[in-house]
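Structures follow.
Paired with subunit B in one complex and with subunit C in the other, subunit A is shared by the two complexes that follow.
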Partner chain A sequence: YDFTDCNFAKIEEEYQNVIFLALKEYMNGIKSTQFNHTVYCGDRPSCLTEIERLTFKSSQCLSLAKKIVTATNATLNSHCPGHSGIQINNTQAMKKRKKREVTTNKCLTQVSNLIELWRYFSRSQ
Partner chain B sequence: GESGYAQNGDFEDAELDDYSFSCYSQLEVDGPQHLLSCAFEDPDVNSTNLEFEICEGLLEVKCLNFSKLQETYFIKTKKFLLIGDSTICVKLGGKHITCQKMNIVKRVKPEAPFDVKVIYREEANEFVVTFNTSHLQKKYVKDLLHEVVYRLEKNENDWMHVNISSTKLTLLQRKLQPNAMYEIKVRSIPNTNYFEGFWSEWSPSSHFRTPENNSGKMD
Partner chain C sequence: LFFDPEGPLQVQIINFNFKTVQVTWNSSGSPGANLTFSYSFRPNEGDSSCPEYILEDGHTVGCVLQAEGDGILSFSIRRGTRPLLAKSQWISSYLKPDPPGDLTFRWHEEAVTVTCSELPHKSLLYEIQYKSTFDPEWQAEEGRSCNVSIPGLDPDKCYFFRARARTMEAAYGPDTYPSDWSEVAHQQRGRRRDSCQEQRLFPRFVLIS
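Moving on, here comes the complex of A and B:
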């Protein structure tokens, strides 16, 4: 999916007011700078491509917080024309997640990388 | 049509009545829990068997049902996604009568400010007004605009208005009448591009007396 035509201002607003707080809440006081980041993106469309990949398609962390996944999915679906994102199957996925919802180190690394990507997105006007 | 619905339980009449409603949200009103309250515009609506339901814009669930307290329907939950629209419907016997699409973050009604204090600083010939708001500790709706109003107690509707975004205000003594009793109160409204909404309720009023021309006395 090509993120060029997204409404970046709206996504920025939802990132600042909701998504960032969900990411920060997940880190639970652990500084994302404690992790060496292996991500980079140079402009807003490529940042969203990386954010989508790391949020929905990475197998590194199997139980990424529901709020992060649902919020990111909602903002991309709302403001990127034709983006259908992932179907969040509430009941089934929720049961599976509940069993494995443990904040593993892999998940912390992944979320801190996500924070980095969103920062690149926010900085690149 | 007359409010209420058909005797024999079919819904034709029900659908003709005016079931328009309005809602407001209060975020993090109880720890991380948010509150969404809705009520019918027409107070005469017979709401006995009417239910409210919200779908979309939710975490982990597709829809939630409202609880009811007298004529207000409400939901207290952490499951608001706070991104995108939700659809709120009035239901009668499980059937949707009317629905509205609305975005919870655009319908925020802050909690009322409190603890309004007025301190006279004789050395500066001024009154320092301070007040408190629970929103300072919140994650989401932190930025508010506060409207401070004050009046001479004997002048019923002659309120002076000041809008500020901090919780402290200075009133110059020379701008007030000497040896007079004043009433002062505050209300708040969201002050960001993202969270928008309505004025809060007014804070409880505070009262202060201005000194005669030279010495100060608090009541």
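Moving on, here comes the complex of A and C:
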């Protein structure tokens, strides 16, 4: 999916009001700077591409918080023409897995990279 | 200082307005050792060695390097050939903006609108502090652009004003640094003054009992 035609201002607004809080809650006081950052993006469309990959398609962390997945899915679907993210009931399956898995270091590393991607998206013009 | 406070190497990073980046270390585990620093801004490129070390008592305690845009700094610190630390971090997480400049003032009755030259970075907050010669403490107003209105002032008093920039956490994270303060500007009766002497102006209302 090409994110060039998304409404970036709206996405930024929903990131600051919803997604940012969900990501911060997930990290539970752990700073993202304690992890290595290896995922780069250089402009808003490419940031959303990487954000979508890390949020919905990564095999590294199977139990990303439902709040993060749901909020990101809703934001991209609302403000990116023709974008149809994942079906939320997939998330239900993810929810069951979450009960078995504690927040692993892999998930924290992934979410910290996700945080940095959203930050870059938020501060780029 | 951060990065594994109890570990052998405590490292601090400061990104000076995306111009230079300063990485300093405090190696309690290797006192007096000459540690070496190498870095890269592009993962597929080889490392560069530190262009400018910071020395203390003849030993390396930091490195100053040119920033290369808003990107990820990958660096490692070694003792001889043994790596003590290897990290990859967005340098924006450690931004210290330059102070805003050129404060201008537009007075309208008992309020003033203070503007200053904005920095080229997005998602900054501009803090204006002010006080009169009668105020012991600075007071503050803040805005997302450097165009901040301050009500309830007495134009007859002489006021000090200063400005600084801070980053928004959602865009830069919690580990950044506020800018230094701008130079202090003085204003009285709607005009710039060179200074505000500690004079005791008569207040407008004098209670005669």
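Everything below uses one rule, namely that the second predicted complex is superposed on the first by the 117 of 125 C-alpha atoms of A that agree within 3 Å, B and C clash if a C-alpha of one lies under 4 Å from a C-alpha of the other, contacts with A are read in each partner's own complex, and residues count from 1 in each chain.
The rule we apply is simple: a contact is a pair of C-beta atoms (placed from the backbone, for glycine too) under 8 Å apart; a residue touches a chain by one contact, two chains touch by 3 or more.
Here the structure is a predicted model, which is why all the values come from computation and not from measurement.
Applying the stated contact rule after C-alpha superposition, one finds that A:N105 touches neither subunit B nor subunit C. When the shared chain is aligned, no partner comes close enough to touch A:N28: not subunit B, not subunit C. Of the two partner chains placed by the overlay, only subunit C lies in contact with A:S124; subunit B stays clear of it. Residue contacts after overlaying the shared chain place A:S59 against neither subunit B nor subunit C. Contacts of A:A71 after superposition: subunit B is touched, whereas subunit C is not reached. Within the superposed three-chain model, A:Q16 lies in touch with subunit B and with subunit C [touch as defined at top].
Residues 16 of subunit A lie in contact with subunit B in one complex and with subunit C in the other. Subunit A contributes residues 13-14, 16-19, 21, 66-67, 70-71, 74-75, 77-78, 90, 94 to its touches with subunit B in the complex. Of all residues in subunit A, those touching subunit C in their complex are 15-16, 20, 31-34, 36-38, 40, 115-116, 118-120, 122-125. Residues 57, 59-62, 81-84, 105, 139-140, 192-195 of subunit B are the ones that touch subunit A when the two sit in their complex.
Those residues of subunit C that touch subunit A in the shared complex are 2-3, 43, 70-72, 87-90, 92-93, 121-123, 168, 170-175.
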